[in-house]
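The two complexes that follow have chain A in common; it is paired with chain B in the first and with chain C in the second.
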Partner chain A sequence: MKGVLRLSWLHAWHHKAATGILISCLGLTALLPAATRVVVERYGEDLTARARATPLVLGPKGNRFDLTLGALYFSASSLDTVPYALVREIAAGGDATPIPISNRFTARGRPILCTSPEYFALRGLTARTGTPPLRVGDAALGARAAEQLGLAVGDTLPSDPTALYDLSKPASFGLHITGIFEANGTADDEAIFSDVKTAWVLEGIAHGHAKTDELDNNLIVDRSAGNVALSGALIEHTEATPKNLEDFHVHTGEDRLPLTAIIVLPRDDRADTILNTGFNLREKLQMVRPREVIDDLLAIVFSIRRLIDLISLVLGAATILLTVLVLMLSSKLRARERDTLHKIGCAPGAVARLLGYEILLVLGTSLILASVGTAAVARFAPSLTATMR
Partner chain B sequence: MMKASLALFSALFAAACAHDAPEAEAAAPPRVATSFYPLTYFVETIAGNELELFTPVPAQADPALWKPDTDALLALQEVDLILLNGAGFEQWVSKVSLPESRVIYTADSFRETWIGHDEESHSHGGLAPHSHGAINGHTWVDPVLAERQAEAIFAALLERWPDRRAAFEAGLASLRAQLAEQERLWRDLCSRLRTAAVLASHPSYDYPIRSCGARIENFDLDPAAPLSAAELDEILLRAGEGVPRLMLWESEPQAATRAVLLEHGIESVVFETGEALDDAELAQGRNFQTLMLDNLKRLAEALGN
Partner chain C sequence: MDRTGSGILTFALRDLVWRYAGADFELRVDELAARRGEAVACIGPSGCGKTTLVHLIAGILVSNNGTVQLDGTDLSTLNERERRARRIRTIGMVFQEFELLEYLSALDNILLPYHVADELQLDADVRGRARELASEMGISDLLARKPKKLSQGERQRVALCRALVTQPKLLICDEPTGNLDPKNAETIVELLLRQAREHAATVFMVTHDHGLLKRFDRVVDVRNLNGRDA
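Moving on to the complex of A and B:
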């Protein structure tokens, strides 16, 4: 028994290239559907878990996938904005907690999520070091963002300019890193967090500059009754500091300030229904249930996965047929070897076992490789959140 | 077998009770933050001991100009409810991160009646002219508006803690009675105020004076600083012809200032707004109501009532 097994092994080892090709073909054929299934299921679980924790999202009319993925994963979208007045309206209604979301800006390519402290409570984000953003211009980093950007508390991170060659657009604004959050294994780990009031500075709707009576006369174009017209050459503060924080002001009523979305946490099922119905009746707004949107998205993903499964099945069948063909041809080539074995006194069953062990060795190694490959894909597949933006 | 089951049940019950006891003990009262003393007084009167109150602004600080430090902001982010005056009074609010769903701007319900300062606006970059925080935030000085702010506080408390309705309703009734007394005293003074020349060292009295249908001239005078000749000239220029002529101060002006103004027929009247009452004053039995009644008594005396 041991001798036959050893002969099988030595034969396979002697024909390394042929055995290796055979194992690779079978292994890859098994790996493809297994890895696809593992990755899709993991992404599905991630998406569903985050959607479950986000009961309602209010935003502008348009693509509901864009709205949901923007609010949950901070992905960029071309949707319009909604006014901050809606946050006040929902809070005043008393049926739900609104959480403002503005994610139109980036810093070193990463999304800056401008929100309010309720967001950190919703996602269970606690500061590992430092504090959450507390003032205009403050920022806290997700765990992976801090690691990958190589930033620490006390550093300054400039926002990405929206239009490099357009001087009418706001320039880069320096964000002061006040804290780094503990990792929570979600999209939050990749993001940069700031207060929603900082979003309006990034938008150029709020800004800071010295008081008109402290400015150089060259910067004053006209001084008429009750109004001072300032020159376009006025340089605004490019970061908020304890000294100049008081100079920051908004150019419009706070109620009109733009948001990309509002996460809404209703008090109970009744409030959920009333809010969902009420806001969806409005002309320019839509309220979505992320769970439903993500389920629809996953249905599309799963239908693609079924197609991949079918293709894998056909591919697998073709590979098995080819393998059988290879084995048959190999058996024919090894006719003299079988004769020799018979002549030196081997039992007929031993020859069959020799071939069987060789086939089992190839199949077993292929399956082990496929399993290791699947585990590696599960472990090292890029984070869903990293691929979203 | 039966005995064993009973013993097991008793042990489990005892364990459950032992587990519940610390939870009941640990049930702390809700934490509510207020931005300055008048709101603290309103909440104390409405809610009594039902809530744990917290005011991050130190007693001697000006609540309008106070700049919160990191500890204060972290504390504000943790409380169950933040009660602010609004109407642009707390200038720090627009620069900091607060949990907006837990913030109540008590003066928001009468937004249409807010009074603007005569502050210079500016324009740049093709944007519309704008100014920085030009609303007069001293709404609580007018008892009618103070009552509306009290109602906003009551509604916010009731929405969050409906099981304490009876206590809150009793407290609100008590506060309404106090504010009604202030309003009655103001009404008694209105006819005299309409014929008087009312000046103010700071624009803190616009709301009650407007309610009376009277006019007021606001200045920017520091009671702790001596009155300059230019300031005196401006006061005399804008004082008008009304009789009597009164200058309202938020705190006692310098004796020399009082004397100079009196020489020109202007009587100084201390009318405290109660923005910040320290522990020593509270320990002496002073509170928002006694402070306002004292103010109104001094004003009545100055008006000759």
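Moving on to the complex of A and C:
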């Protein structure tokens, strides 16, 4: 570094605390709108891509955002359930492939997505190790979930009890980890997957216990033709094993079993229209196109971004004005220095360059700081958007 | 080129009148000149115009009444850029308050004219000269220090090195000992005059310290410049 540029650098370095604060203020002012833009755009891309891959979602009437985000991102919702009979009805119609979704339960705080094997094909989920869940009590983990929970194939993961002190509610159920999926960079990486029948065990609708002819007589309250009434003291199986697998059963018709939603993959556009129109005519059901719902949601997000942009603009203007004030005060404090330089014969242009280089140094470093920060945000935006779900 | 007697004139002021706009103050100089290598002390009470005189000789101020010749050139014929260029090449300036830049090391302060003037080339010779000057001034061990870490006397030695590093023909010193104790003042003036003699530079020094006057070839009182040059 030579000449006046060297002097500017030495002055900035001599006042490193003040220079650092100024650079930080300007850098953060530039970083805020840039980072917001990156995060919102990444969030929008993420949401849109997943929504485009999900043509239709059938669920109970209610908030369409809740239904869509529940089916796409497994977020908990207060919506009612829909019966499994709808899966059979759609499949029987032959116009579409239905994929049942139940995500009302968690394990160590993560959603358990109970579904059918078609879901894994839809999302391109392939097992990195082991196999996808095939029977009651099996579970496969998303890549990030496996990493963060520290679990591997062969481990057991207990579900979170729904009501710890209420004996009438189902207790925790042990899920056997049968596989771990490759990462696909979506919400699937964070989830635990199981068979849809496991959902009904977790609901307490299906259960498993020893055969009635092997039970102690004290646990049998009443026995009549075709019906055995058991005592409430009977302990049900808390996990499914190869030995007790056949003990699991339901006491109701499978058609009435509850689901959170059904992803519907229509055969063609005509089927899409027919299914959409038909189900939306039903009193307690709604069918949504996730792409349209997400577009509406993004319109809200983008309007918020515009607000943030406006706020950033005002903050930026205020910061620039304050920076100008700081530079003016600094220039005033350096009046004597300028006078000395003038007296020894320094050109006015050199004095201007001395100040100009320092301003450029501060602005340049601020921009580099903002660029590095924005790049870091862009690098970690996928995990940021994951936390926003 | 103006010559008088046996010597070449470094500077010469004739029939000069200077007034600050809106002020009663007026400085009149009928004639004032200094030969090459001459050491001239300038005295006078506060407010009589010593600093104004220094600024006129250096071309920092320019009067339309009368002439100021520096190294044979009438400064009023030069524009601001030319005067500034001539100043940085020809004149070394030393101030009462040292006027060192706090953010530069002693060495960078010495080399300041080379950092800020495009017409001066900073090369190994100049760096060597700066170190040599510092050694002669007894501050060679202090070159990495910032002014804050130097004593008053050391600061003025750095300022003196800065004035001498361009090998000026004229050394203008505006009360350089004003902030120094008598012992330091003696030392600084001794160093200043010795260096000037070695480099055949003319010295024009404003001072209030009458104890130093005996060291100069000539003493001028600003009050006597009007019609009665000392």
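Basically, the second predicted complex is superposed on the first by the 379 of 389 C-alpha atoms of A that agree within 3 Å, B and C clash if a C-alpha of one lies under 4 Å from a C-alpha of the other, contacts with A are read in each partner's own complex, and residues count from 1 in each chain.
One rule holds for everything that comes next: a contact is a pair of C-beta atoms (placed from the backbone, for glycine too) under 8 Å apart; a residue touches a chain by one contact, two chains touch by 3 or more.
Please read these numbers as outputs of a predicted model, since none were measured by experiment.
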| item | value |
| --- | --- |
| Side-by-side fit of chain B and chain C on chain A, or clash | fit |
| Partner, of chain C and chain B, that touches more residues belonging to chain A | B |
| First (chain B), second (chain C), both or neither touched by A:L134 | first |
| Which of chain B and chain C A:R336 touches, first, second, both or neither | second |
| Which superposed partner A:S116 touches (first chain B, second chain C, both, neither) | first |
| Chain B versus chain C as contact partner of A:I311, first or second or both or neither | neither |
| Which superposed partner A:H251 touches (first chain B, second chain C, both, neither) | first |
| Three-chain overlay, closest Cα atoms of chain B and chain C, distance in Å | 63 |
| Residue ranges of chain A in contact with chain B within the complex | 87-88, 91, 94, 97-100, 116-118, 131-136, 138, 168, 195, 197, 211-212, 226-232, 234, 240, 245-246, 248-252, 254 |
| In the complex, chain B residues that touch chain A | 67, 70, 73-74, 77, 91, 94-103, 118, 120-125, 127-130, 132-133, 159 |
| Residues of chain C touching chain A in the complex | 58, 60, 81, 84-89, 91, 93, 95, 99, 101-104, 108, 112-113, 115-118, 122, 146, 162 |
| Chain A to chain C touching residues, read off their complex | 2-4, 6-7, 10-11, 13-15, 336-337, 340-347, 350-351, 354 |
